[in-house]
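Sharing a structure below in structure tokens format, with a few things to ask.
We just call them A, B, C, D and E in the order they show up, numbering each chain from 1.
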Amino acid sequence: MKSMFIKSRHAKVGAAPGTLVHVGEQRTDMTTVRVMAYDAAEVKSSALLHITENIPLPPEKGVLWINVDGLHQIEVIKKLGHHFDVPALVLEDVLNTDHRPKLEIHDDFLFIVVKMLVREPVSSSFRTEQLSLILGDTFLLSFQELDGDVFDPVRTRINDSKGRIRASGPDYLAYALLDAVVDNYFMVLENISTELETLEESLLTDPSPSDLQRFYRLRREAILLRRVIWPVREALAGLMRDESARINPETRVFFRDIHDHAVQAMDIVESLRDLASSLLELHLSRNSQRMNETIKVLTLIATIFIPLTFIAGVYGMNFDVMPELHWTWGYPLILLFMLGVAVLMLFYFKRKKWL
Amino acid sequence: MKSMFIKSRHAKVGAAPGTLVHVGEQRTDMTTVRVMAYDAAEVKSSALLHITENIPLPPEKGVLWINVDGLHQIEVIKKLGHHFDVPALVLEDVLNTDHRPKLEIHDDFLFIVVKMLVREPVSSSFRTEQLSLILGDTFLLSFQELDGDVFDPVRTRINDSKGRIRASGPDYLAYALLDAVVDNYFMVLENISTELETLEESLLTDPSPSDLQRFYRLRREAILLRRVIWPVREALAGLMRDESARINPETRVFFRDIHDHAVQAMDIVESLRDLASSLLELHLSRNSQRMNETIKVLTLIATIFIPLTFIAGVYGMNFDVMPELHWTWGYPLILLFMLGVAVLMLFYFKRKKWL
Amino acid sequence: MKSMFIKSRHAKVGAAPGTLVHVGEQRTDMTTVRVMAYDAAEVKSSALLHITENIPLPPEKGVLWINVDGLHQIEVIKKLGHHFDVPALVLEDVLNTDHRPKLEIHDDFLFIVVKMLVREPVSSSFRTEQLSLILGDTFLLSFQELDGDVFDPVRTRINDSKGRIRASGPDYLAYALLDAVVDNYFMVLENISTELETLEESLLTDPSPSDLQRFYRLRREAILLRRVIWPVREALAGLMRDESARINPETRVFFRDIHDHAVQAMDIVESLRDLASSLLELHLSRNSQRMNETIKVLTLIATIFIPLTFIAGVYGMNFDVMPELHWTWGYPLILLFMLGVAVLMLFYFKRKKWL
Amino acid sequence: MKSMFIKSRHAKVGAAPGTLVHVGEQRTDMTTVRVMAYDAAEVKSSALLHITENIPLPPEKGVLWINVDGLHQIEVIKKLGHHFDVPALVLEDVLNTDHRPKLEIHDDFLFIVVKMLVREPVSSSFRTEQLSLILGDTFLLSFQELDGDVFDPVRTRINDSKGRIRASGPDYLAYALLDAVVDNYFMVLENISTELETLEESLLTDPSPSDLQRFYRLRREAILLRRVIWPVREALAGLMRDESARINPETRVFFRDIHDHAVQAMDIVESLRDLASSLLELHLSRNSQRMNETIKVLTLIATIFIPLTFIAGVYGMNFDVMPELHWTWGYPLILLFMLGVAVLMLFYFKRKKWL
Amino acid sequence: MKSMFIKSRHAKVGAAPGTLVHVGEQRTDMTTVRVMAYDAAEVKSSALLHITENIPLPPEKGVLWINVDGLHQIEVIKKLGHHFDVPALVLEDVLNTDHRPKLEIHDDFLFIVVKMLVREPVSSSFRTEQLSLILGDTFLLSFQELDGDVFDPVRTRINDSKGRIRASGPDYLAYALLDAVVDNYFMVLENISTELETLEESLLTDPSPSDLQRFYRLRREAILLRRVIWPVREALAGLMRDESARINPETRVFFRDIHDHAVQAMDIVESLRDLASSLLELHLSRNSQRMNETIKVLTLIATIFIPLTFIAGVYGMNFDVMPELHWTWGYPLILLFMLGVAVLMLFYFKRKKWL
């Protein structure tokens, strides 16, 4: 069974640090490397299927963006790392897809790890996928586990020279990618929020036994989201505090914007958790109330009829000498007596506010 | 179904930052722009229905207040932004009505986003509405989703030259608007508080099944309030710490005053939450106690009469040889025996403190 | 219905800041102003029933203490404020009796707001009352909602020249008043603590249905206390950090003492809350345990006698051909059979540890 | 009834600060004052039963330790205080045995208040006792409520010149006393921990109704412990941060050691609380599960036999015309029918997974 | 009974600080001392069974690693401590295996205490074991309670000169050991995570009574983990902040890596706790729902058949005069009447949504 919160790292235990091991599932058949080099004037893009010596050098001006989809071909990562002077410890973190989102400030580059949320097609639950960014002066390396379509709008913007992206450095490109990731969180939040409200509707009007399982799934997703968003927020805050000149002052304001979004996302997660707790309490309270009512009905019927049945039982006994049985008015009298007992009982329940 | 905590932003995903998109519902038919220019000596006010080139320039002295009601006419916002040199990223935040309250300190202006609470006429629940303020040296731009009447008293004060408003700068005007917003929170809090106390009364004397739903609605509103007030408080604290000369020292003391109010509002929200939790616990405890009592009554009746009914059943059997049936005193003896059993049972319950 | 946590401020909404409006109930018929001027050598005290021009000026040396009981006569407050150069915003806070305790450091004076706890004579619950202090260089203004007797011991100490009060400045007088207020909290805490322990006793030995309501009242009081003591503690901490020369170094140590008391009071409130939660859990656990036992008794009786009654019912049927009925030993045999069933059932329950 | 968390301080209300009043119970008949003066070379010790003028002066070199057991003889405390120039406010805190643990840094001495935990012999619950230390340059005053034996090992170490105690100053002596106090906390923690584990054992195998009360007592003790240890930890942290030269650098490392112990004690208290909560949840869950099972048994028996009893009842009716009664195979047929109903019911329950 | 959270320290109470006492169980028969001295060029390793004078001195260059397994032979620890100038207070902490993880920065060395998690072979629960490191300029002393195999891969790396370990100082060796310890935490976390998910599976599909005990065991382990990991994380953070030159800048980045892992481990523990709480809530909710259903079935059957049985009982009475009994259609009519009552009841339940 695949664990939700932790991936097996048996292969890594006892290994020397910096040993490159891929932790996680292989999610794509081939590692694809896409290269895009652009400046305000022109865009060149290509896909490298085989990593040979033809990786471009970081350019003097403009931006070189190398995006890697699929992490299981370790030698590709290794060569890239060597080419851009990335230490082994950083590459190890790139390969360990169970890493906590973080920001590391190195002398020559910033290293950023965040999580993307991807909806599993079959179970319609969410899966996290790791995105690692290595942001140098004129280049940006991005590593994904899977060939996703999240970054396509960014590519289009580069090609169309839409927005300020072509005139800016790799920091702006990093911002654009992170923005796409964080915006995606809101999709997921919207989803959870909508489902919570359907559940609310259902619980308030016509609760069904399966509600509880849907409820549990929602909470599980909220826990996952919290785990994903919280450290992303922290990493972004670290980016804003970072005094190094890696992030342009003009771009810094954009990172503040994503940070604001991450803060808001956390806010919404917390509110949803709160609301979910209240909803569960409501459900349990209603359940207990309903049980109470059921038991009242049972008690009502039982306490009225059990004594009556007993009386009937008494006059069903076969003793030779039971004078009442021979009275002419015995039968109607006993019926009246039974009615009296029932009315008394009802009166008692009325006074106890059970009716 | 409209989500309470999050608004759909499908239109925005993948768009370049600074792309102006209105996130939220269109709440008014027409965007209204009201211009008010005043100093200690005179007031000029006008309403611009069509944004043409006649937007006044920020004056040398005095205050220019431009209030925009309705955000769906993006070109109006765009023109205003261009006129007052407001960056696209800020305008984007103005248009995104799902923004978290915040304070941004820019070189040329302060950007403040807060939430107003508006009571929905039909469902009598609360709705948030965003107010964005752009506070420059001599001008204040305010953006609302809907033409509200919250700011009318402020307008009257300007016209009547009541208080110090006419002699002060736009910072004081911003204070006056924010004060009106925060004061409004107390209306809502009062409302929730009163309803909570009605509920308390009802739960303590005569609980009804609908109490739980009212309860849930109250908690939901408290969660909403917390989400609204908390970041407003933070933004106001940021305003107090701000070292820039945008806020006059004399006005600063007024902002401290609103900050105090926001802190108090948070305090009250927390106390209400606490009280609501206690109340729910009380309700559940009483429920369980009552169920306990019901079950006791059932048990009492059942355990007394079930054995008696069994005895009556025995003597209702039709065996040929049942000597007791032919005893002269059989019937009264068996009745006495039954009485004995009942008394014993009652005695047992007495000792168990069930009676 | 009067709200516990918030007072109506309808009169204030939309008013210009600094507008003097009394928020709260009128608790006394007349505003009484008591003036006390003292130094090491002599004491002069008088009561001003009509505020005319004869308010004394702040003296060169010694202390001038003006105590105002009752806040609804706004003109009195206004005149006093004008006389001592107190800004309108401060006076507004004095009049708003729903204010959160706080400390404001002004250039010419310190402004301190705290809450006193007063026991309502009829309902024996607690009510908060606001005390505002304006501490200048040689004068102290104190404002109460109601003519209370809390400060009488302080007056006696001034008159008797007991302790160091006569030789010290107005800061020491402020300390003496605040000390009386905080000491009073312990009375209330003692009260709650004692009641909690009576409840504990009652819950552990002989729980009664009214225990839950007493319980709820206690929690409500603890919430109120927390709301009152927490900001007072904060204000006192602010007073200790204050670098201004308003508070004498010798007096500062006394303020540390009250601060310690406030911290301890918070500590006790938290412990009481904790204990109350544990107690409620105990109560609910016992309730559920007792219900469990009741249901066991019911089940025991029912599962033993229901099958027996069924057997008796079978032999009460009137079929023509029921051979058992005609056996000589039919009756005793069936009784034995019933006994066997009952014994089996008991044995089963024994093994299930129900007996 | 004696309150656990707060002691009556009626005698103090309204008194001038610095008035010496003993808050707490009188726990010993006589106040005993033990004097010990030592340096590396020699030890002199004596017990003063009557405080006269023969209190030794703080020595030039070496250490003077004066230990006071019993606080109700206020004049003894007063004289000592006067002799060592201790301010009245400090003496007041020494006498108020309901004080929160704290550290006060005065110019001439450090004032430390901590709580010792003492086991009540009869109820085997814990009681706090206050220890106040006044640490000067060459002297240490220690005040206990009761003549305890906690410090005997320290006395023995001084007499035997064991460890470094004789060669060190009064700061080391203070450390030795505090160490004994904090070590004692672990005794209590061990005790609670062991009892919790016995409870766990009992709850998991054979829960008894008295478990809940033992449980409650444990939680109560944990709350008490937290209240005692938390501020002690804080005071010790303050001691470590203290820049004054009162604590020798060599001794400072020892205080860090006690601080570590206090942190660990807090840690253990928190873990025990956590574990206790989990245990209570387990207990409640099992209770509810067991109730569920009981109710299932009841339902099973009742739903099988109630319909059967009804059928038997039908054929026990005395109508003249009931053809079935006269069928030869009527009786066996009806028995078969009943069996069928029972089997059907059992089948239904089987499918519902109740069996 | 062995306590989970605290070890008996009776032997220590009252002892002078620095007295060497072993707190904990003796876990190995013999204390083994293994010496390893290496530099980039060569490795020398030996095992000292008897501590005599032949302990090597800290070398000029290269690394001396002395690992001690088993702490009960105090004289061994003492001699080592003396040899490397380690103060008695540190040795005391080495011997007290109930110590909280911590970092102490001494002038000549760093002292690090962490906990390892070891799986008990029989009960398959976890046990903590203490690892103490004393990190000097050219030497590293490590103390374990038990001869474990956790460090074997490190030894192999040294022997094989794999990775950078041979070229680095003792700080890197300390990192390698700590890394092995923290990596081990993830094994345990994986284990708990997997078990939690099995439990989830079981609770959602086919809950068994033993689930609760497994649940409790999981929570207990999570509490233990938290207690172990939290202070380790703190100690590592302290190591990163440490300004001393003990940790090489190149090695510092590796310590940041372990710190990241510890943070992530805490994260996972928290998520697991959260998930466990949600799961327990789900379980309790389902339990209550199921009880509700059971009670509904009981009520349904009882309320339908009890009145019918009563009617049958009435016509089983033996009164002489019961005219209905003699009607020709009496029997079918009464059967029809009973059917009517049953149908009415069913209809009522239908409307109440019980069916």
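Worth pointing out:
Everything that follows uses one rule, which is that a residue touches a chain if its C-beta (ideal position, glycine included) is under 8 Å from a C-beta of that chain, and two chains touch if they have at least 3 such contacts.
Quick caveat, the model's predicted, so the values are computed rather than measured.
Chains touching both subunit C and subunit D: none.
Considering the contact criterion stated above, the chains in touch with subunit B and with subunit D alike are C. The centroid of the Cα atoms in subunit A and the matching centroid in subunit E are 25 Å apart.
One simple way to say how far apart two chains are is to compare their mean CA positions; for subunit A and subunit D this gives 41 Å.
Touching of two or more other chains is recorded for residues 288, 291, 295, 298, 302, 306, 309, 313, 316-318, 322 of subunit A. Taken as a graph of touching chains, this assembly is arranged as a ring, one closed cycle with exactly two partners per chain.
Touching subunit C in their complex are the following residues of subunit B: 152-154, 157, 162-165, 175-176, 179-180, 183-184, 186-187, 189-190, 193-194, 197-198, 201, 204, 253-254, 256-257, 260, 263-264, 267-268, 271-272, 274-275, 278-279, 281-282, 285-286, 288-289, 291-292, 295-296, 298-299, 302-303, 306-307, 309-310, 313-314, 316-322, 354.
The residues of subunit A lying in touch with subunit E in their complex are 1, 3-6, 8-9, 12-19, 87, 89, 93, 99-100, 102, 104, 206, 209, 212-213, 215-216, 219-220, 223-224, 226-227, 231, 280, 283-284, 287-288, 290-291, 294-295, 297-298, 301-302, 305-306, 308-309, 312-313, 315-318, 322, 324-331, 334-335.
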